[in-house]
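These are the structures, in structure tokens.
The following pair of complexes shares a single chain, chain A, combined with chain B in the former and chain C in the latter.
The block that comes next holds the complex of A and B.
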């Protein structure tokens, strides 16, 4: 299978063009305008998913490619790069958008739809796709800004006071994260003289340890803030419960996961040795993220607040996988990263399913407060069942994707000799189970506290299929990964092996490199040898 | 209502500032200027109208066109990229040259992209300038009496 490299422009171009076409009709009569925008969004999301699936097939058969925007050659122009990791992320986010779309059609209220919710979905997708596919550090920052702006508008769409409050916290804390990324890009350009990721990878090994540490630290803070890891997660629980429930579902599948993806992309490419050097710190971050997330979830009074703390908790597992990515173990170097990618996919599916289930409850009952809900298992039996399966998947019960992901991560951390974090992750799994059962019990079990018609938007009753269908698809996919674990593992192993293959990345993006450059990429300094060489030299 | 001298200034200066914006747009690419700056200057011209005639009148004149303008701008930018595909790659610069009485003129896809940027900036800037002015005018209005309004 061969693809013309120009198609790599499409993941950004497709959402942009359909979003722009939708905006053209903003002055048309409102009911028609919304219908037109919905049509464009539907077409755009569908086309994007088809494209992403083509990319996935292409990369899983071993293909990788790069494209130079505007045909400016590699270190000078902006490169975009496609490998299996990129394709998996493009597919997952494309899939989630397509699945959430009917749910949004059924439940989005008139004011928000008229204010332009549907084109915004495409702009968010464009930002996400751009951040996945770019091969340029500054361009990555630009796409983070696109994401931040469209998600900020989505978050405050509707303009209730709590939304404005949450939106301001969200945007201020995220802007600080973006500032760190910009600072890292500036320092990279000032010290290494390049922003092209392949070029950075070549030159990073020759830079002094201090420069490496500063850039790596800033990137860790920036992406860590975006991914909501331990000290920097405050923006998430203070904003995710405020917008329309569908928006929360979109955010949980897209936003924090892009921060994780950027960590997966940049660390193994720029400074794989630092993943070993900094392993204790990364493990601490991972452990604290897990523990504090899950403990925070116990204290939450509403469905969405509770689930947003679980988002944070689950991010910890991915950081754990990343931390052992370059550690030798019996499964081979990079297996930790493969499992972290698998866990990320699992989390996108399950967390979105849970939030959509929660959204259905919230829209049906008009409230998400746990002590005002109860006994919904009779009223919404399908949603209750799906929610239970998704909850068990999140906790890591077989035969779901959560089981495969957690078991694999446990094995690889054991094998790498990281007993403490493995123990922490097991305890956190147990706590997650308790918390999810508590949530299910509050919402679906027991006696109905009160029954009242839903207050916001169209009645989800009229659109039973459109609200349960998406959740069912996501839960089915989670079960599919759990049952067909081997194909899924093969897939993420291809992705991880490509992600840690620095020579391959550089050769694809910039084929005109000399042999000595590639030599320096291959022989990595061992962690301690590097440090002693530094202290001896200085 | 607004002062007469402000309206006079608006009448004279707004077209001039708009011309400056167009000039900045045209001299971009090689010299300081370009779509972004031109869009901001153009929005400044319309802000003068807002100050002189009030947000309501200005919204009647320009308001409905602002969001479609953003759409047009974004479409133009993508089209500029797609024209490049014809020349070998997405966003590849394509130029045409022609002579007007001995002077060489160049038109190209980067200019089209810049035009798109300019339209997006105008649309965005005026949308929020109008909203800000409306909020400011509402705040400047005398408070409603107790029985009419709510706390």
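The block that comes next holds the complex of A and C.
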């Protein structure tokens, strides 16, 4: 299968075009406006998913390609780059948006829909796709901002006091994260003289260790803040429970995962040796993220607050996979990264399923407080069953995707000799199980509490299929990954092997490379070279 | 010397911005964010060489590599331009959020400091959150929840038909 490289502009172009078309009708009579915008969003999301699936098929057969925007040659223009990791992320985010779309159609209230919720979904997707596909550090910053602006508006759409409060925290902390990313891009340009990721990869090896450490540290802070890792996660639980429940589901599947994707993309490409040098720090971050996330979840009084702490907890597993990515082990270098990617996919599916299930409960009952819910298993048997399966998948029970992801991560961390973090992750899994069972018991089991009329006036149970269908699809995919584990593992192994293949990346982006450049890519600085150099110098 | 002064300025701006963000106060938050974005923009500016009076124009004939060190690198300035536009947009958004919070609650440090009414052109002007959505739990709810949990969890009253 061959694709013309210009199609690499489409992941950004498709959402932009359909979103802009939808906004053109913003001055039309409200009911018609919403209808038209929904149509455009549906078409745009569908087209995006089809494109992403084509990319996935193309890359899984080993294909990689790059395109130079405006045909400026590689280090000068902006490159866009497609490999299996990019294609997997494009597919997952495209799939989640398509699956969430009917749920949003059924439950989104009139005010938010009229204010332009549906075109916003496309702009969020555009920012996400751009961040996945770009091969330029400054362009990555720009697409992050596109994504964040859409998310700011989505989060505060409705303008209730709690949304505004959560929104201010969210905007300020994400602006700080973006500033760190911008500073990293500036320092990269000032010291290495380039912003093209392939070119950075070539030159990073020769840079002084201090420069490498500063750039890596700033990137770690910037992406860690987006991904909600340990010291930088406070914006997430204070804002994710405030918007419309569908928005929370979209955010959990897209936003934090983009931070993780950027770590997976930049660290193995720019400074794979730092993943080994900094392993103790990354392990500490991973462990604390897991433990604090899951312990925080126990104290939460509402469905969405509880689930948003679990988002944080699960991010820790991905950081753990990244930390052992470059450590030699019996499965080969890069297997940790492969499992981290698999865990990312699993988490996107399961977490979105749980949040959509929680959203259905909240919208049906008019409250998400655990002590006002109970006994819903009689009223919503299908949702209760799907929620339970998703909860067990999150905790890591066979035969779900969570079991495969966690087992693999455990094996690879043991094999890399990191038994402390492996033990922590097992304990956290146990705590996750307890916390999810507690949630399920409060919401679905026991005696029903005082019935509250659904106050939205648009009862989700009138659209049973549109609210349970998406959850069922996500849970089915999670089970599919659990049952057909080998194809899924093959897929992520292709992605990981391409992500750690620096020479391949550089050659695809810039084929006219000199022999010395290639040599400098292959000669990695030895681990802890700077410490030995320091001690030798005195 | 110029480079040192610029570095010092960036550092001072960062420090002031970080301090102002941590104060309680909505206007101080906005100003602090503005200072930090300025600091980052100046740091970016410093990555191009600091040279005066040398426009980056290369003659058509006889351009040499040595000429590149004669003038400041124009690329960081283009990057700053993009970054300024983006941070301007985000800051404007934060100001709107703060304006709305002030109008809705009037209960920050200085009540009604910014706004007392919500513009009627606001699409959510008459929007009652409780009519459409569950209320989000705030800190008071959490306290209440804990009290309910420990002392008297309300009994079930009505069973579904």
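One rule holds for everything that comes next: the second predicted complex is superposed on the first by the 528 of 538 C-alpha atoms of A that agree within 3 Å, B and C clash if a C-alpha of one lies under 4 Å from a C-alpha of the other, contacts with A are read in each partner's own complex, and residues count from 1 in each chain.
One rule holds in what follows: contacts are C-beta pairs under 8 Å (C-beta built on N, C-alpha and C of every residue); 3 or more make two chains touch, one makes a residue touch a chain.
Keep in mind it's a predicted model, so treat the numbers as computed, not measured.
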Given the superposition on chain A, are chain B and chain C in a clash or a fit? fit
Chain A contact check, chain B vs chain C, more residues touched by chain C
Using the touch definition from the top, say if A:68 reaches chain B (first), chain C (second), both or neither. first
Vertex chain A, arms to chain B and chain C (CA centres, degrees, nearest 10): 40
In the overlaid three-chain picture, which partner chain does A:27 touch, first (chain B) or second (chain C), both, or neither? first
Pick one for A:109: touches chain B only (first), chain C only (second), both, or neither. second
Could you say whether A:379 touches chain B, chain C, both of them, or neither, answering first, second, both or neither? second
For chain B relative to chain C post-fit, closest CA-CA distance rounded to the angstrom comes to 5
Of chain A, residues touching chain B in the complex: 6, 9, 13, 16-17, 19-27, 67-71, 116
Any idea which chain C residues touch chain A in the complex? 21, 29, 33, 36-37, 40, 43-44, 46-48, 75-76, 79, 82-83, 86-87, 89-90, 93-94, 97-98, 100-101, 104-105, 122-124, 127, 129-138, 141-142, 145-146, 148-149, 153-154, 156-160
Inside the complex, what are the residues of chain A that reach chain C? 109, 111, 114-115, 138, 141-142, 145, 148-149, 152-153, 156, 158-168, 171-172, 175-176, 178-179, 182-183, 185-187, 189-190, 241-242, 244, 299, 301-302, 305, 362-363, 365-371, 374-375, 378-379, 447-451, 455-457
Mind listing the chain B positions that touch chain A in their complex? 64-65, 67-68, 70-75, 77-78, 81-82, 84-85, 88-93
